[in-house]
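Just dropping this structure here.
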Amino acid sequence: MKIKAGIIGATGYAGAELVRILLSHPDAEIVAISSVSFEGQKLSDVYPSYKGLCDMECKKQEDVVAQSDVIFAALPHGLSQELAAQCDKAGKAFIDLGADFRLQSEQEYKEWYGCDFLDHDLHSRSVYGLPELFRENIKGKRIIANPGCYTTGAPLALAPAVKGGLVSTEGIIVDSKSGVTGAGRKPNQGNHYPELNEGFHAYKVANHRHTPEIEQTLGKLSGKKVTITFVPHLLPVNRGIISSCYARINDDVTFEDIRNAYEQFYKDEFFVRLLPDGANADIHNIKYSNFCDISLHHDKRTNTLVAISAIDNMVKGAAGQAIQNMNIIFGLDEKAGLIIVPPAF
Amino acid sequence: MKIKAGIIGATGYAGAELVRILLSHPDAEIVAISSVSFEGQKLSDVYPSYKGLCDMECKKQEDVVAQSDVIFAALPHGLSQELAAQCDKAGKAFIDLGADFRLQSEQEYKEWYGCDFLDHDLHSRSVYGLPELFRENIKGKRIIANPGCYTTGAPLALAPAVKGGLVSTEGIIVDSKSGVTGAGRKPNQGNHYPELNEGFHAYKVANHRHTPEIEQTLGKLSGKKVTITFVPHLLPVNRGIISSCYARINDDVTFEDIRNAYEQFYKDEFFVRLLPDGANADIHNIKYSNFCDISLHHDKRTNTLVAISAIDNMVKGAAGQAIQNMNIIFGLDEKAGLIIVPPAF
Amino acid sequence: MKIKAGIIGATGYAGAELVRILLSHPDAEIVAISSVSFEGQKLSDVYPSYKGLCDMECKKQEDVVAQSDVIFAALPHGLSQELAAQCDKAGKAFIDLGADFRLQSEQEYKEWYGCDFLDHDLHSRSVYGLPELFRENIKGKRIIANPGCYTTGAPLALAPAVKGGLVSTEGIIVDSKSGVTGAGRKPNQGNHYPELNEGFHAYKVANHRHTPEIEQTLGKLSGKKVTITFVPHLLPVNRGIISSCYARINDDVTFEDIRNAYEQFYKDEFFVRLLPDGANADIHNIKYSNFCDISLHHDKRTNTLVAISAIDNMVKGAAGQAIQNMNIIFGLDEKAGLIIVPPAF
Amino acid sequence: MKIKAGIIGATGYAGAELVRILLSHPDAEIVAISSVSFEGQKLSDVYPSYKGLCDMECKKQEDVVAQSDVIFAALPHGLSQELAAQCDKAGKAFIDLGADFRLQSEQEYKEWYGCDFLDHDLHSRSVYGLPELFRENIKGKRIIANPGCYTTGAPLALAPAVKGGLVSTEGIIVDSKSGVTGAGRKPNQGNHYPELNEGFHAYKVANHRHTPEIEQTLGKLSGKKVTITFVPHLLPVNRGIISSCYARINDDVTFEDIRNAYEQFYKDEFFVRLLPDGANADIHNIKYSNFCDISLHHDKRTNTLVAISAIDNMVKGAAGQAIQNMNIIFGLDEKAGLIIVPPAF
């Protein structure tokens, strides 16, 4: 008997990517999808790629909740809290690809998103779903805050060094570069083909909302408050995020210590591929897959660790990780449906 | 018990794509791969995308033949005939992604490729593996000439009209546009990023080797000799071919007749998606999949049929179709391992 | 004393391109620009590329007319006729980059654009500004209908053959591929980066509004009514149009005759570069410039001429040609301000 | 009387770009070009973009030296020293786009390039040609070391802050992203279209040869030895470099102080465009031009300056700057031939 999965906001990019992956999942099936903008239309009319594969019609949110065992929500922030409460009441699992449950500090949520926590009990029963770092906490939970894209790639690049106390948690710089799908499906001047193509620039420099979320994760790993400088840039490619992370190596720590710590930390993690010395993490190699490739580099002249991760922002940074969380909370093999071979070109 | 598949020429683009698809095939497994250029190296060193998924070492051609039930050969033309003979002798199935067995006229083969048929018996026992058009001939065969990329997309766009005698077979024009992977893995000035990017041009105008192969297929369908004008162009994208095919509609034939003929012809073909009126076949919608999308258009002012097909040159135009052929000759579900959802973006 | 040039609709792509080229024109200067959407804003706020080079503020249409010797209008169709009348009354030259004056048949204009001719006298005094074909008619005129993009590239590819009666005017097929800027500055789903990137498709198959305009030009050259099949496609590049044109070669005409005719026809045309046999016209080589590269190909097997042109849709297909027309009507060197070297990469 | 310019290595990308710009220079003309690989061929056969504009034949190096007043050399490192000596002896100005004269420390040159200084006197009479920082030193010189691409963009982003002592010179991080032309014209696997397209990765992390050159410049400006962390990345675009530079703001320095320092520093520099608060430097806005756009950002939470520059690596990062240096040493207007409007798209 397959898990009945429902998707709310199925016509957005994260929703559409959930569909792509779930269609090949051996133990789950999509039973209902919804979309406010395209209610009553077939998903394959919105995305002709899916013709013959998912010709399901977009219904209302409540239809999805009613029919599903697990509800994936890909909604703008602020819209998930009430929905989570409904799912909770109905005894359904809820996996939120939005931001409402990611920050554990209500004050930070208010500061960066301008909203309040509607139900503190609900928040206390939710969990931050980054499996490689917090797997044990996820098991048994029913409300999952699926991390954002930058907030998956950067912490995975830094986790072993930060958790092991091998680098200074002061002065960490995260310089990230993301493909365009991260900005969503709605056209605007900045994503208009002729203005983005052959272009490249930073945006929301040092004030992107993913900053406190990265800090929260690094803080949990290190046991102390961490403040970072985070600068995202927009790449003229569809998918993928490179996060180049800079941290000062602590005294008496060698680069070999660091490499050993990473190898140990990730040795059982299927979705993290630690690259050999000399290799460079490249979004080319993880596209369409749930992998996070990490390369480690030592700037000997300044004794700085440069840890670089590559993820597909729509998979490990969104839909793939959400399904990984579903697999965990339903007791499936964590890799089920997620052994997607990244194309070589 | 899974079919043992071997790949000769695994480090070329078609070979690498066979690996990608076979890795997820439910009824086949890759047992050996070979490469002249990379013998002794891991495939994942050549294509880091495959790290952890296919770390198999490249062996010699004879090792592949010895260990496999079916041998896929992705070799430059001229190198497959001897290999086919070896496989035949060893009782192995042989699927040739090269050109050696595609043309049934030795004279045409000599004219366009400059080589002879080494063994006429072998040629007579081979079959041209375009399943949607020649499925019944393929069953039971052991030597398969897998069609080229242009030679899959253009015939599928025209087949129902040509077979049904609905259009003139004189004056057919095929204007095709292919992604760059069609030119292979070897770097040259024409495929150097800065010189191809933001560029577009025709090449081998009216003298591309796929011309006689398209004509052979259209000839078989129509029962008469067909000569076409074929002009390929190079698109600055990785994958995909659009073939825009122009044919004069015969007198007393309506466009509705034509649409009906296409619907009838392809009604049971999973991999051919006939688009509704008003839609345009787009490589965006079939990337990484084995689908061939076809849109039909009527130029009323000149009573011309414009039939446009979109395929992924590396899948339906190479590796995917080869696996489809394997499924047929081994009696598997023809779709096994090939229900790949084309990403929406 | 420089010519005073004004641009109406300066913030659209054609308007912005006029600015780019006029800024380096030795004999003209931009005195005023207007924009309905950005009135009161600096052009360099809309296009930061122009910072420090054109920080001029967008005014009203009437300000532009009042201050300029020549008015370039880059407006949606239907809005130019009244403006032309105003300019005419004020004694100003008017160069229309829109479609209102391009078709000489009011019936065709009504059929394809749904509008009437407001003032027949005005229309009778306007001229179709494709200098290489109609230079003598342009001299002395004050109302210029600047051709569209497809309608420049395709006729230039075919003109010598059609005018010389070397090919049949029946069954001509024009398969064009255009960069995205042709669709303008306004974002929409089809031009949204992730949905166009790595995609390619035809659009408005056999019903694009440029069809009658191409036919009008070929009709004038051949002296008889010409009906063509015209299919445009959208290329994932910013600029450039390739038009691949197919025409049956008349009996008793050799390909050498055709080449000679082209060489003769274009021998004094600076902006048309006839490529040698074996070369292929490529948008890569004409980007940002006013050149039209043409390559000629002979399909010997079907005796078909394949004539392929490459232009920059925003330059020779819009702003550059408009300035070429300005140069002609003001008696300047036709090349003034237009000897722009296309970048090698 | 125009300056006679010669180009050695004209068929490489930097050489070809020199041709593009010099063809429109009002006070200089190209009199001779050379190329080892293409001797005897026309430049327009190598770059068909230049057909009709520069059909000059590639000669030998000595022909160029003999005929020119100024010799531009775009050669692999190690080949310029002897050539410089020849030019010097012949009384010709020499502008080296290679690396041989950039580092003033022979030890660093040996360490990073593995070569020695052949003639110390020659080196002592050469000058590092970054006009905005060292203009006064350049005047009157005849041997110019034209800076590299990264080594132009990063120092310009940091110069006012470093020179003014407003930021710490310890812990500076430069995270750069360059278009592909920076890697030159020779095809290789890494620049092969299908493997770079839709990809992005770092390379030569913390060991790129431009590191000591950036440090040399920052050292001169600050008056003390500076060591930085420099990480370049490869962008899937043809042109442009973004350098995102991170530096800790010194105590008692406000961000307003910094902005004021930049405005003061660059107030008379035509080619540096300091963007207003809220804007982001973008390679889209400087393509094909000699501009360097700079945006300044304050990370208040960590009191870090993020200074981001955008240049065209082939213009301000190579050929354009070389011509700017020519203008200076020949006493021309520094902007002559360099007021190139960056296209809006």
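Here the chain labels run A, B, C and D in written order, and each chain numbers its own residues starting at 1.
Simple rule for what comes next: a residue touches a chain if its C-beta (ideal position, glycine included) is under 8 Å from a C-beta of that chain, and two chains touch if they have at least 3 such contacts.
What you are looking at is a predicted structure, and each value in this text was computed from that prediction instead of being measured.
Asker: Select the chain at the greatest separation from chain B, using centres from the mean of Cα atoms.
Answerer: D
Asker: Count the C-beta contact pairs for A-C and for A-D, then tell me which is higher.
Answerer: A-D
Asker: Just the number, please: Cα centre separation of chain A and chain C in whole Å.
Answerer: The separation of the two C-alpha centroids amounts to 47 Å.
Asker: Rounded to the nearest whole Å, what is the centre-to-centre distance of chain A and chain B, using the mean of the C-alpha atoms as each centre?
Answerer: Distance between chain centres, rounded to whole Å: 37 Å.
Asker: When the C-alpha atoms of chain A and chain D are each averaged to a single point, how far apart are the two points in Å?
Answerer: Computed from C-alpha means, the inter-chain centre distance equals 39 Å.
Asker: Give the residues of chain D touching no fewer than two other chains, as numbers and ranges.
Answerer: Answer for chain D, listing residues that touch two or more other chains: 13, 181, 194, 196, 198, 236-239, 282, 284-285, 287, 345.
Asker: So in the complex, which bits of chain B are touching chain C?
Answerer: Contact set of chain B toward chain C: 171, 173, 175, 177, 194-196, 198-203, 205-206, 211, 227-229, 231, 233, 235-240, 242, 244, 246, 248, 280-285, 287, 295, 297-302, 304, 306, 308, 310, 345.
Asker: Which of the residues in chain C end up touching chain D in this complex?
Answerer: Where chain C meets chain D, its residues are 13, 16-17, 19-20, 23-24, 47-54, 181, 198, 238-239, 270, 273, 275, 279, 282, 284-288, 291, 293, 314, 339, 341-345.
Asker: Can you list the residues on chain D that touch chain B in the complex?
Answerer: Checking each residue of chain D against chain B gives 13, 179-181, 185, 187-189, 191-194, 196-198, 236-238.
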